[in-house]
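After the structure tokens below, expect a handful of questions from me.
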Amino acid sequence: MAVIRVEYFAVLREHVGRAGEELRTAATTVGELYAELDQRYAFPSVGRMKVAVNDEFRDWNAPVRDGDFIVFIPPVAGG
Amino acid sequence: MAVIRVEYFAVLREHVGRAGEELRTAATTVGELYAELDQRYAFPSVGRMKVAVNDEFRDWNAPVRDGDFIVFIPPVAGG
Amino acid sequence: MSHFAFSRDPFTPDRFRDEVVDPVAGGYASFEGWVRNHNEGRGVVRLEYEGYEALGIKEGNRVVEEALARFPIAKAHCVHRLGLLDIGDLAVWVGVTAAHRDAAFAACRYIIDEVKTRVPIWKKEHYAAGDSGWINCEVSSSDAPSGPVRP
Amino acid sequence: MSHFAFSRDPFTPDRFRDEVVDPVAGGYASFEGWVRNHNEGRGVVRLEYEGYEALGIKEGNRVVEEALARFPIAKAHCVHRLGLLDIGDLAVWVGVTAAHRDAAFAACRYIIDEVKTRVPIWKKEHYAAGDSGWINCEVSSSDAPSGPVRP
């Protein structure tokens, strides 16, 4: 089990109703973590998401480690 | 014979030593006028020139008419 | 110094002129994105930008560094607004200086294109009709499924 | 109203912002030419621009009108300095607004390219060595002969 912090932005923040949370999880990859949280929150369909671990983009197979800071990134729209 | 006004800019103004002059000329085209003034002033070699009559670009066969305002245009260098 | 910054307050490009001025650079190309009063046929009254700032600054800076490596330019900088914006407000500014304008234009174009697709910034439009929506995040049922795509 | 102007005094693009602002235009592309401290390996200390203003305004306006006809843009404007300029001074500014940045960039590029080759403006560089010269007008003996080329 890892203790991690997840932060939510934009459409996810509004959907979950908070900007972030500390979690204990048995997920071993960030993809598994996403599936676990999707079960809990039923994330909205927003197209392909990305993920960042400790302020860097990672792929969905990246491991979840104790103390990680994880952000799911919905499609961006800068400019 | 036509009475016209010629104005000089940049390298031509400096070469001729004045910004413009009124002239009586027997030239029938602006090309002939250029040749006449080149005889008098020995214009510097500056590459291909253009010519304007009454504030519009014209070709070198454009007629010279009484009262015309004529400008020889050395290669430009804006920007 | 990062070549990319967020601004929570309204700004004018003048404020960042020192980031791009260079005595060897005769050409300055810039792009500014302003808040329009419409989008896809709908009247827009206000915009909201939210950013994941820690990663956004890193990724934005990487984009500008890539431009500096790819094009013969002198300096480049990009600033993106966050928070609530009104119609006509400056949302993003890219400035590039170079000895020659070819490179300045190409790099400026590269930076705005990449920033728009890579930097974690989200835009919420508030419509004249009273509703609002996160751009690129509201999909119809016929669109692709959400979430990660597994390898 | 002409889309092209000369300025005998220093100016900033802000002064002409109203010429390009448009509530339907979300994209603004601009180009600025600044006086460099060198050209072709020579140190430059000052510049002088001379213009044939009556024809220059007409031809400059034609260039911008062409851009407005060719590209899907909202507004466009160009201002060129005349007189004595110091290093770093703004020599020319082109501003273009459009709904989409492709068109804004393309039109901005078109205008600066055409203005540089078509508008009757001449540039005299004053060099650190003390001499000076009219750019594009000082030719070596091996260059093409001067004057009109007869048909």
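Each chain gets a letter, A, B, C and D, in the order it is written, and its residues are counted from 1.
Throughout what follows, contacts are C-beta pairs under 8 Å (C-beta built on N, C-alpha and C of every residue); 3 or more make two chains touch, one makes a residue touch a chain.
Keep in mind it's a predicted model, so treat the numbers as computed, not measured.
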Shortest chain-hopping distance from subunit A out to subunit D = 2
Request  = Between subunit B and subunit D, tell me the centre distance in angstrom, where each centre is the average of that chain's C-alpha atoms.
outcome  = 24
Ask   = When the C-alpha atoms of subunit B and subunit C are each averaged to a single point, how far apart are the two points in Å?
value = 51
Remark   = Whole-angstrom distance, CA centroid of subunit A to CA centroid of subunit B, is 74
Note = subunit C to subunit D, mean C-alpha position gap in Å, rounds to 27
Message = Can you pull out the residues of subunit C that are in contact with at least two other chains?
response = 33, 112
Message = Can you work out from the touch definition every pair of chains that touches here?
response = A-C, B-D, C-D
Task = Spell out the part of subunit C that touches subunit A in their complex, as residue ranges.
result = 33, 49-52, 54-55, 58-59, 80, 91-92, 112, 115-124, 134-139, 141, 143-151
Key: Residue ranges of subunit D in contact with subunit C within the complex   = 12, 14, 21, 23-38, 87-88, 97, 99, 101, 104-105, 108-109, 112
Ask   = Which bits of subunit A are touching subunit C when the two form their complex?
value = 7, 9-11, 13-14, 30-31, 34-35, 38, 43-49, 51-52, 55-57, 59-61, 71, 73-79
